[in-house]
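Below is a structure I'd like to ask you about.
Each chain gets a letter, A, B, C and D, in the order it is written, and its residues are counted from 1.
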Amino acid sequence: MIKKISIDPITRLEGHGKIDIYLDDKGSVDKAFFQVPELRGFETFVEGRPAEDMPQITSRICGVCPTAHHMASVKALDALYGVQPTPAARAVRETFYNLFMFEDHLLHFYFLGGPDFIVGPDAPKGSRNILGVIDKVGMEAGKKVIEIRKRCRDLMTHIGGKPIHPVLGLPGGVAKQMTEEMRATCKAFAADAVAFAQFTMTAFNDIVLANKTYLDIVLSDVYYLETNYMGMVDDKNRVNLYDGAVRVVDPKGKEILKFDPRDYASVIGEHVEPWTYVKFPFLRKIGWKGFVEGKESGIYRVAPIARLNTAEGMATPLAQAEYERLFSTIGTKPVHNTLAMHWARLVEVLYAAERLVELASCEELTSPDIRNMALQTPSEGVGIVEAPRGTLIHHYKTDGNGIITQANLIVATIGNSAAINMSIEKAAKKLISNGNVTDGLLNMVEMAFRAYDPCLSCATHSLPGTMPLEVRIKTGPDTIVKTIIRNSDGSELTF
Amino acid sequence: MSEKKPNVALFLCKCGANIAEFIDLKEVEARFSGGGKTMFVETQDLLCSPAGKKNMRKALLNNKPDVVVIAACSPKMHEKTFQGVVADAGINMAKMQMANIREQSAWVTADKKEATLKAIALINAALERSVLHDDLHPRTMECLTDLVIIGGGIAGIEAALMAASAGRKVTIVEKEISLGGSVIKTEEVAPAMECAPCLLAPRLSAIRDNKNIRVISNASVTDVLGFLGNFKVKVRRMARYVKDSCIGCEACFEVCPVTMKSGFHLGLGTKKAVSTLFAGSVPAAAAIDKAACLHFIDGSCNACATVCPFQSIDFDDQDEDIEVTAGAVIVATGYGTARASDIPGLGSGKIDNVYSMPEFERIAGSNGPYGGEIRLKNGKPPRSMAVIHCAGSLSDSGVSYCSGICCMTAAKAGELLHKKTPDARIFSVHDRLVFNGPQQHAFYEKQIEEGTHYVKTAQLRSICLAQKDDGIEVSAGDFQPMTVDMVVLSTGITPPEGTDALARILNADLNEAGFFKADHPILRAIGSSIDGVYLAGCCASPCDVATAITRAQAAAGDAIAKLVPGRKIELEVMTSTIDETKCAGCKLCIAVCPYKAITFDAQKKISVINEAICRGCGTCAATCPGDAARAYHFTNQQIMAEIGGLLHG
Amino acid sequence: MDDFNPTIIAFVCNWCSYAGADKAGGQKLQYPSNVKLLRVMCSGRVDPQFVMRAFRDGADGVMVLGCHPGDCHYRNGNMKALRRFRLFERMLSQMGIEKGRFKLDWVSAGEAKRFQETATEMTDAVKKLGPLHLRGMVEREVA
Amino acid sequence: MAQKPKVAFYWCASCGGCEETIVDLEEKVLDVAAAVDIIFWPCAMDFKYSDIEAMADGSIAVSFVNGAVRTSEQEHIARLLRKKSGLVVAFGDCAWMGGIPALTNLKSKKEVFNRSYCESPTVVNPEKIVPLENSVYQGVPMLLPKFYETVYKLDDCIDVDYYLPGCPPTVKLVLNAVTAILAGTLPRRKSVLAPDKALCSSCDRNETKPDSMVIKEFKRVHQVVADPKTCFLAQGIVCMGPATRDGCDYPCVKGNMPCTGCFGPVDGADQGARMIAALGGIIDAEEEKGIDRVLSGIPDPAGTFYRYGLAASLLGSKRKEKAQ
């Protein structure tokens, strides 16, 4: 007798996500699957399109992190046309990119992931949302959250046309020169951003780290997974979100790979399963060994904690301090605790803010020299950035006229798809015994999953918003034993 | 579109047996009777016959349908007829649509079944579109009745006199300082051998004395705006430094110290820096050549001013921009000739006594440099002369076409010399000859009688002239070389200089040869591609003086008939219009309008169509990306409905 | 498919091609009844939307016929049509519609024979290509 | 049931940018939240429909549906939402016209699968495994929704009351729509909730466009440094402004990039056909060769003129053999 639990939809990457948990006849978890039942086929339909349109077309892969795709795409175009962006262009791009990272991470912390901790996992579900957060951190702070985000988005609008699906990038440059006035706005914002990042970090310390219960959850082995880690680093092996070499460390933290973006395909392989539309990336060096943990597994993880694990430090002082505090507090490096993602995310928020300060006072930022027109005949190009949700890879091949003949995209969240599967399974195994599904399961599983922040643009954007779930314990495909539905308004039904 | 579905009346015409025999009209009638498609269907023998029209009218008056569809012959045949009938029955002419089931089905489809099905589709399409028709109403507009004539040659002069005689105000714009054009530079007009200056003289004085005619000479047209019935013509008059009070007494000529080549004489003769075009010119006033006049060069001379009995010299004269309004513009800019010096092998300009035809005309002209005495460089009269036909014509390099009038002129050249020196040997070297009609042909025969040698060659292009002690040797592969005193190159006729520029100003088209393109080569040779811009004389194509004058009269006559004081002119009904509420002012329609009928309204920030200029081609409607431009009677909705009708009939 | 009986819509300009078709009629020059004419004042009036609509509504082939270059009653509407449909044809081929299904050509008022030939050739060409089935595509998988 | 009107959001094949717009309402979102009862349905609907089906028809005041329809699941939910909702608003381009995902209509389903799962440079898939609607994995039956040959716009599947254009729709537009719904001041049914005029009418660069404009050469955006003040078309750069609906406040142009048409056509127009007709008309070249030279600057007409609306074009999709 097989029992099946479905959590559907848990969330969405390119579409909805669905989790199936199968119990053996002893009622403990046999296996779990994370299913993505949608595909939009970008790789295919970009064929025949002019390469220069890619930054705007591919940003539509994700409306939550359009800038990540836009920027990876633009960098692929630089490589395609064999041009380096001018210093001004690079400064503008990096400014725009860090604004985006700052905003996106904060959005996740306050609107999506944060409520779990700030409001509390056990708090009434109806209040586990931004309103609840405002409640907890105070109206003033709440206003601050909304206000800083608004300023950030406005600034992005000035620089890149639109915060959602920007029009900034061109091969070898950017479309628009930044004015001194914009620099001034940037400066002012960057200063406040650092302050706000610190404020948020403090809130996290006081509310989460200071709270034994929460810390236990963070460190509990329910949310523990030993994998390889991937992330981009600068020449000093410090985290860099916009540019650099890609580094991979093993579960012991030892560097096993460091490669130039153009070599990604020789490093990463993708495994296909017939039951889901997503693919499962792995390290070719090790190979696909199935959904397994540890040194002998080819599975790697990306996203904030992965970046910190991969790097040897942060490039800005305040972030560096937090970086050290994180590892010393948890006591291991790499950190395998999935929920440490939230903390790592805040370290990056701080980094992004500090980087903005540096960029705002960078000489070239406002130079009119925003395009390098020494374009070469195009043939092939790879662009990689660190998206909020991990290493993002765009790879284009074109004809001599710059028309796409083949594209390959490894979307950040996909990098974690295998790990997400395992995290779910692990959580499930820990939380389900003798076929007993505790009500807590929903939220605990949700937390395991949400830690990856896999581009949630549905339920988790809701106001009021808890992610609605449904768990069904089945004997065989169609016979339901027990159903637990939690609606979006937080009310729960069991029958 | 009206709320309630309009009632459609469908008439089927048997057209005798023409339609009935090939299309099963019973079936067609059955297909469209009832079913809500039509109000009633009626089949007639001959709808266009008096009886047919009468019956139709009766049926319409009795049933009062909103729309009428007539399945019969081509609308090109009877659209007007039936529009009349429905209008007569109180239905707007635009509420009638024809289905051309005769030309497009009955006559071209062997199989009766197929023909019937196609007829049904065509009728269905007509039905579908007709219910969407809007009323159209004839539109008229006040118009100006004066004329502007560009060019004061014989054609311009003729047109001016004719229009003036009908009481119209006329403005002639002439580039030279006086009227006369090419004809004044010609001694005689063949074949009648009429004295050209004598033909002109009375007309010139008539112009001078006519209060309705204003001449702006030494001037050119710089801009033309507007449309039939309402043109604004901008004219630039160049300073001539002599007031109109000058009567051309020539007193200043003697005292003027500067002698220079005369353009009027094509450089063969001389003139003074102050001069008239020719004795007795109209306007009579002289003009000063600023570039040559010492007063302007170093202020050293004032002679003409001191001697002038009328104080007409005016060194302070300025160029002047004049704006003239008119209902129509007549182009009479004449012609040019191929540059003989460009023609390889013929040594024009290099070998003495080789002249182009225009040069010879000056030499022979009694108002020419030698007072009409035909002579060689050395002053002696030529004993022999060769006229080379088609010099530079019929070749890819020069004039590609046959001008059609040069053979006559060539023959005339011989005649002129013959008159002066009857025993002169005259050769006419030609490949093809063109003499049109009895008079010209008779003239050609006369030349032969008088001893002109018509030498045929197949190698016109390789004719070679060489200076020999005893004269100029003319040779080609296939005839006995000849040595003559004088050679005249009968050069082809080209559009006059500045034609391209003028065409741009007028927004008028040119043909392949570079002459103004006729509105219709047969039906309307005197109309340009722009309504209200006429073509007189040679500007449309090379022609002889008689034709030039006829064209001038025709052009003036047509303009006079169209533009009658107090009468409005009818405008195109099926024009296009722009929906102000939808137009985004993207301006893309402006460039595609062939008649410049669309302009940008800077206040409203939208494009506007001047429906007086619009001819309803609908290109703007096909262009408008914002769906704001609309072609009356050919709207997107109507055409889409017609497509549906054709496919689902 | 010999029994395939295509539908071909021909947009003809009022001044040249429509008159040319009339002349063909006058001379009783037979051509396939598959070709159905739709009159516009000028080939420059033909909006690509019309062609697409015709295809979508079941036409297997579409022609746009105008005056010969230089003979346009409206000066150069036919040249505008040429430029437009040059671009349009490239879009059509991207949409998988074979070249032979769309044709822009010139037929003057005098060219009755040419009209007959153009109509006949177009019909044969489209017969070879078979049905367009665009409606087959539009008949969506969604219920 | 709360007295506040219930508003539902559902996303089909989309990127989440439309939801992000809701977040971008920033503080205003609180006002909206106060006025309506925003509820999200996917969960309940994705799997067990009984409780939704139990709801009275029309008990949802408004459903904002974004995303195109590519799978049977999305279609099914769209239908159910239609049944339960008073108003259905197609939110954003994907729902209105197919959006960017509709560019897949230039390819076949087979091509999509091959490229994604077999021919990618990183895929390691010797057995050429592709996702299946029904598969058995480790003895367990697995289901995936049917993946259609073609991407459809929402009103190919259900009757849609109103349309919100944009990729994504702007905050301003969303607020206007919500306000209109609450105040009951919606225009006639089936309207697109944005001005029925082309973008040039508001673009501040339009005045730099010459009155009578012809184009001698089309330049691609990467080939030139665009002047930040002059009309893009006047610079020979394809700008979809003339064929694109107004209402976005031209952020792309302000970012010194041409409009790519995300606000779709004005009423009654086919965006691509319109743009082709307009640009074709003003090409400054005579014979075929010259024309093609000019057109070489537009290497991808379908993708350029139907960037966001291929599913809404008169052709809808690349021609395919009759769907068996």
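Quick note on the criterion: a contact is a pair of C-beta atoms (placed from the backbone, for glycine too) under 8 Å apart; a residue touches a chain by one contact, two chains touch by 3 or more.
Computed from a predicted model, the values in this text were never measured in an experiment.
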item: Shared chain contacts [chain A and chain D, defined touch]; value: none
item: Central chain of the complex, centres being mean CA coordinates; value: D
item: Most distant chain from chain D by Cα centroid; value: B
item: Whole-Å separation of chain centres (CA-atom averages), chain C against chain D; value: 32
item: Mean-CA-position distance for chain C and chain B (Å); value: 34
item: Separation of mean Cα positions, chain B and chain A [Å, integer]; value: 74
item: Geometric centre distance via CA averages, chain C-chain A, whole Å; value: 54
item: Junction residues of chain A, two or more chains touched; value: 48
item: Junction residues of chain C, two or more chains touched; value: 44, 47, 49, 53, 80, 84, 94
item: In chain D, residues with contacts to at least two other chains; value: 106, 269, 274, 277, 281, 300, 303
item: Pairs of chains satisfying the touch condition; value: A-D, B-C, B-D, C-D
item: Complex interface listing, chain D residues touching chain C; value: 69, 75, 106, 146, 148-150, 152, 156-157, 269-270, 272-274, 276-277, 279-281, 283, 285-286, 288, 291-292, 295, 298, 300-303, 305, 313-323
item: Residue ranges of chain B touching chain D (in the complex, touch as defined); value: 581-588, 590-592, 596, 599-600, 605, 619, 622-627, 636
item: Of chain D, residues touching chain B in the complex; value: 196-201, 206, 209-214, 241-243, 246, 265-269, 274-275, 277-278, 281-282
item: Complex contact set, residues of chain B against chain C; value: 74-77, 100, 102-105, 107-111, 114-115, 117-118, 121-122, 125, 509, 512, 529, 574, 592, 594-595, 615-619, 621-623, 631, 634, 636, 639-640, 642-644, 646-648
item: Chain D-touching residues of chain A, taken from the complex the two chains share; value: 2, 4, 6, 8-9, 12, 15-16, 18, 20, 22, 31, 33, 35, 37-41, 43-53, 56-57, 60-64, 66, 77, 81, 107, 111, 143, 146, 149-150, 153, 157, 159-168, 170-172, 175-177, 264-265, 268-277, 279, 281, 284, 288, 371, 373, 375, 395, 401-403, 406, 408, 410, 455, 457-459, 461-465, 467-470, 472, 477, 483, 485, 487-489
